[in-house]
């Protein structure tokens, strides 16, 4: 798993590639929380296009990001979910709680809901 | 691994998908030899686009096809090699002995060499 | 065909770094048994969650503790429809039976999804304690 | 870091149907050790060929005979550069030392490529006989 950040005005985009599992979900969570809680970035966007596999520990990292964003009135947005990542979010019954878009363009241009 | 055949005038095209290894290379070999030796098809084309992995037992099946085609003055043509299939043929130092094309169109239109 | 055929046995240490290797093994094995792509993913997820729970809960996150996994091809009730049985064995603490009931999904809670994923993905999920070992048996049949 | 760390142990029966499962395991393991995609493919090929040889030659194609595989992460000479050590153990016939020399590649011959692939793909390939078991040790280091 690799995670890297692109910094735009008031926005950080994380590009994640590889499987997210117990071996690396703590690093993913930490990246999200640093951006939201410490750097107070108002919009964090997560590019999951390169993530072919995610398990409950990965979902938990996304949930931590979403919860932190709600506490801080920031936005936490996902895009580029693979079929299997979507299936897992569906199984978790959390799909509707996340702001999810098809691609980066839509994620960047979407108005706050 | 799945192998299926399309029959054209004087030509059979085999579409192979999946890994070729000891579990299925005997079936692949048999398909080639039936077409060449029993049905006397003068041109057998093998579509390897869906083959992401092949080992020495798979290469041996291709070699058997090539040898039978030489005996019978038929043609035995490959196309759609993945990077890793090409690497393995390279390792075997047999790459130059096979007639290999990029895609089906080229394989069908190529003159006998 | 025998009713129960050993396909593979894997032993690993309770180290999250090797989860990827176990996932890599189970998906093609399930495919070879006859499962389609979506089921292969579900079986992979269930096994990943099961190992994750052993590492985190049975072994409290400690590395270098042994985990054993066995994969058997089994017959379904309809003998034509095979299944895959996965058994995990560890020497960690006994789970709390109440905790093993799991939590309802759909809540913004960072955790509590593993058992739900396992039960959604497999037809059978049974935890037992045998002496000083925990055994988890999961089975899925081809539909 | 320990000089030699067990990553995974796999036991299988000499059945070609489960080769796919072993390949599925080794490639992500090699990736986790730090190998790039092309090396992961080479390591996978070497292990596939080694098991294929055990099934065909050591066990003469008989199914249901035991094969054991161990994966260790090892240090290179330069300790920063890790390697992957794979050991295979079987209880089959002793190989003919002359046959193990292998044949030159590049000839239109249906066979005789397995050892060549193994030696091209790995840094070390050593067959030994220990009592009534055959041991094969293969190592590859990150460049």
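First chain written, first letter: the chains are A, B, C and D, and each begins at residue 1.
Assume a residue touches a chain if its C-beta (ideal position, glycine included) is under 8 Å from a C-beta of that chain, and two chains touch if they have at least 3 such contacts.
Since the model is a prediction, treat every value here as computed from it, not as a measurement.
K.L.:
If you average the CA coordinates per chain, which chain's centre is most distant from that of subunit C?
P.N.:
Farthest chain from subunit C, going by C-alpha centroids: B.
K.L.:
Which whole number of Å gives the spacing of the CA centres of subunit A and subunit D?
P.N.:
Subunit A and subunit D have C-alpha centres separated by 39 Å.
K.L.:
Distance between subunit B and subunit D based on Cα centroids, please, to the nearest Å.
P.N.:
27
K.L.:
Between subunit A and subunit B, what is the gap in Å from one C-alpha centre to the other?
P.N.:
Here subunit A and subunit B have centroids separated by 45 Å.
K.L.:
Multi-chain contacts only, two chains or more: what residues does subunit C have there?
P.N.:
Each of 17, 20, 23, 32 in subunit C touches at least two other chains.
K.L.:
Mind pulling the residue numbers of subunit A that touch at least two other chains?
P.N.:
As it turns out, subunit A has residues touching two or more other chains at 23.
K.L.:
Which two-chain combinations qualify as touching?
P.N.:
After working through each pair, the chains in contact turn out to be A-C, B-D, C-D.
K.L.:
For subunit C, which residues are in contact with subunit D within the complex?
P.N.:
6-13, 15, 17-18, 20-29, 31-32, 71
K.L.:
Would you tell me which residues of subunit B are touching subunit D in their complex?
P.N.:
Result: residues 19, 21-23, 53, 55-57, 59-61, 63-64, 66-67, 84, 87-88, 91-94, 97 of subunit B touch subunit D.
K.L.:
Would you mind writing out the residues of subunit C in touch with subunit A in their complex?
P.N.:
Against subunit A, the touching part of subunit C is residues 16-17, 19-20, 23, 38, 41, 44-45, 48-49, 52, 55-56, 105-106, 108-111, 113-114, 116-117, 120-121.
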